[in-house]
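Okay, got some structures for you below.
One chain, chain A, links the two complexes that follow: it is found with chain B in the first and with chain C in the second.
The block that comes next holds the complex of A and B.
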């Protein structure tokens, strides 16, 4: 279990995170917030790259900084900007990471084969990474985060640069991994979390706004989200969420505090996580 | 155990014996005190785990470029050694000694700088810092390796300068000057790495070194006199002393508890 207890982080006097309290157990947690909300700061503190100004982060009751290499040994981390050496192959790169993680060579080689297969890079295992696309590099990043079979996986914007097919593959991988470990992933791409996250953590104004299941978050908007014709003027208590395209027709997705008269043009729709995101963070 | 007849059922309080008490104290102290690891143990463990070849994984090009640049610099000095000594003003040996002092840390610094810049540019530092193997220990071993490579390079350079100058310079003294310069610089760079922000780290020591060497250059005469009077044993002794300080500083930096670092950087 990973606990974040009254964690505050300030940079040059500005609080980026204030009094954050969270508990993580086995499963997938999605950290959802717009850019600049403090997601990466929190992820970096969980990965011991940054240190809380106040408060503490504990693994099974023990401070993660005091644990030092014992904590890092159970951690797999994919940074927001994954660094690599272009003139090395993924196999060489993963071997090095495995050595730094204390995995013996023979075991590392077996794991590397399995991980490269998992992320769909078996055929490119011995090609230099400078020939890789952005999505392929990101997949190497995911593989390196798993090399030490971590109990805690921290993935910062893991689907950046992945095409839709790769994002589906990624979601399947995470879904399988989360059965016996804690997976924390941060993103501002809502659709990445909708199907795999057991809990969504939303940050606002440097604080944790909520930590709930997607169903609970969406359930609060039940009965308030409507699709209306594009260009329909919005009244009081109504807010534009997004626009959706149906062939040549564009419709507006709106939130309304009061129910609307449903008709051919105005239809109630099931709220989704994107609606909740836009309601929370929209102006 | 000693017992008392008071309080406990059966009438005895189970006080620990002296040996039990000592064992408890030893256990508490062992768990509470940070363990200090020897640099040699770290080097051996790292070489076993990562391998000597992978000590500079991804940055071998920086090592190669540094060696080439240092070879060019020493080559220029060797080529100019005869010219310096032929200078009519008699300050030739002094200026040659000052130049050796100036360029001795060059290989160490250029490799250190290139590696730092490359890791920063490739954004790999965050990855290394979250691995089980402490990046501080890896960096310490790398710095030790930089120092060792530099000692070998400086020895070769000093021998070449000695030969080019027709053996008019005291070789052992020059070796001492070269090594002392290297380890003095390395100590300063280590301090800058620990205490300065990243942007300043790369500039502080080179700037200080250039200023120091500028002073030495303009004072060619007194420097000559000083070096000519300096016994070889003193020169080498100072160099060895600075090398020991450098290794001790590396070990101390490597053993700083993570919690203390975290408080400093919070």
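The block that comes next holds the complex of A and C.
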């Protein structure tokens, strides 16, 4: 179990995170917030790259900084900007990461073969990474995060650069992994979180706004989200969420505090996580 | 599954790190061998193509420069070889008589003139106390009476050494005859060149080892791994080791060319303090009095050893800047600026006290490379000053690196 206890992080006098309290147990947690809300800061603190200004982060009751390599040994981390050595092949790169993680060479080689297959890079295992596309690089990043069979996975924007097929593959991987470990991931692609996250953590004004299941979050908007014709004027108690395209027709998704008269043009729709995001963070 | 914890957090700053040894091996999670991280770091440096290119160019240029600088003296070198084979390597009365009996030639006449004039018969006509008094007078003019006293004390030590060298017959060694000064000058110039090359290359190697991660954005991955920030200790050790190895290659190249080019019998075993070799100073032509008995071979080896301290000091400094600055370019610029400032100070500071104080840095040794292990005239006030300065410089660079390393352990990696 990973606990974040009264954690505050300040940079040059500005609090990026204030009094954050969270508990993570087995499953997938999605961090959902706009840019600059503190998602990456929180993830970097969980990965021991940043130190809390106040508070502490604990693994099974023990401070993660004091645990040192014992904590980092059970951690798999994919940073937002994944760096690599361009002249290394994926196989060499993963062997290097395995060495850093203290994985025995013979065991590392078997895992590398399996992981390269898992992320669909078996055919490119011995090509230099400088020849790779962004999506292929990201897949190597996902593989390196899994090399030590971590109990805690921290993935910052893991689906960036992945095409839809690769994102589906990634979601399947996470589904399988989350049965017996903690996975914390942040992404701007709300639909990814909706399908794989068991809990969504939303940050606002440097604090944790809420930590709930997607169903609970979306359920609060039940009955309040409607699709209306584009250009329909909004009244009091109504807010534009987004626009959706149906062939040549553009319609608006709006939130309304009061029910609308449903008709051919105005239809109630099931709220989704994107609606919740826009309601929470929209102006 | 998740709940908010309402209380219980400890304030603050990061608690003390768990005691962890500075191991270079990745901590073992499983039983059995794992490929040491140090080997990976070494491999990364060795596969840096610019390293080999730089080394090859330096070796070629150094060899060419050395051979070119003495090419005009080839005839004298060849004559010196002939003379020592026929007449021996001790310049005594018997040597002079046999040289007079040699067939007349321009080389013979020039060598005869040099033998008879170079610093006179041994050091008997030379007065180190008078030289010391002249240096002391200059220091008094500058308003540094304490330095003047120290200089006079040093002159007495030099006199004691001169008596010892006379007693062991060191001043009678032939060395390389009349081109002894030329060969020493060429060796000193090449030594300075090798030191500068090693300083640049060594700094680049260390910065590549330590700073390359920022460039490739690998730092978060590496520091979040089990080995974590200890990786940087491993990289520093490997980088500094490689910097010293590069210097050793350049030094070995220098020695190899020197040995091949100057096979004058008896040269390597001759004492460097022979009267055949002198140094021009403010007090006129002075013998090269060393603080220990050095053969030519021993002197070159000792010089290469001191040079290794010079390279080590800059490698440590480069490591310090590599940890403190994210930009490899900025760190390299900092190292070069430190070196340039030191060299400028040594070249343009005329006040003796300022010179001594500003000289507690590696460039003092570089600027005086032609006088190492000797009394160094106005440039030193104590024996072995170049060695003491290098030891102090290396020590404070090492301390700076330790402090930077500790700061790195607690640094936010944004």
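Everything that follows uses one rule, which is that the second predicted complex is superposed on the first by the 283 of 283 C-alpha atoms of A that agree within 3 Å, B and C clash if a C-alpha of one lies under 4 Å from a C-alpha of the other, contacts with A are read in each partner's own complex, and residues count from 1 in each chain.
To be clear about the criterion, contacts are C-beta pairs under 8 Å (C-beta built on N, C-alpha and C of every residue); 3 or more make two chains touch, one makes a residue touch a chain.
Bear in mind the structure is a predicted one, so any value in this text is a computation, not a measurement.
Colleague: Mind checking the superposed model to see whether chain B and chain C fit together on chain A or clash?
Modeller: clash
Colleague: Between chain B (first) and chain C (second), which, if any, makes contact with A:82: first, second, both or neither?
Modeller: Once the two structures are laid over each other on A, A:82 reaches both partners.
Colleague: Give one of first, second, both or neither to describe whether A:66 is in contact with chain B, with chain C, with both, or with none.
Modeller: Both chain B and chain C are touched by A:66.
Colleague: Would you check which partner chain A:148 touches, where first means chain B only, second means chain C only, and both and neither mean what they say?
Modeller: Both partners.
Colleague: First (chain B), second (chain C), both or neither: which does A:99 touch?
Modeller: The answer is both, since A:99 touches chain B and chain C.
Colleague: Contact-wise, after the overlay, does A:53 reach chain B, chain C, both or neither (first, second, both, neither)?
Modeller: both
Colleague: Quick one: chain B or chain C, who's touching more of chain A?
Modeller: C
Colleague: Counting clashing C-alpha atoms after the superposition, which of 76-84, 130-138, 166-174 or 382-390 on chain C is the one that bumps into chain B?
Modeller: Here chain C runs into chain B along 382-390, and the other listed stretches stay clear.
Colleague: Where on chain A do the contacts with chain B and the contacts with chain C coincide?
Modeller: Dual-contact residues (chain A): 44, 47-53, 63, 65-66, 68-69, 72-73, 75, 77, 79, 81-85, 96-97, 99-102, 144, 148.
Colleague: Spell out the residues on chain B that touch chain A in their complex, using ranges where they run on.
Modeller: Residue positions touching the partner: 49-51, 54, 57-58, 122-134, 138, 258-259, 262-263, 265-266.
Colleague: Which chain C residues qualify as touching chain A in the complex?
Modeller: Answer in residue numbers: 1-18, 20, 26-37, 40, 44, 47, 213, 216-228, 230-231, 410, 412-414.
Colleague: Quick one: which bits of chain A touch chain C in the complex? Just the residue numbers, please.
Modeller: Its residues touching chain C are 3-7, 11, 21-27, 29, 44, 47-56, 63, 65-70, 72-73, 75, 77, 79, 81-87, 95-108, 144, 148, 198-199, 208, 211.
Colleague: Per the contact definition, I'd like the list of chain A residues that touch chain B in the complex.
Modeller: Against chain B, chain A makes touches at 44, 47-53, 63, 65-66, 68-69, 72-73, 75, 77, 79, 81-85, 88, 96-97, 99-102, 144, 148.
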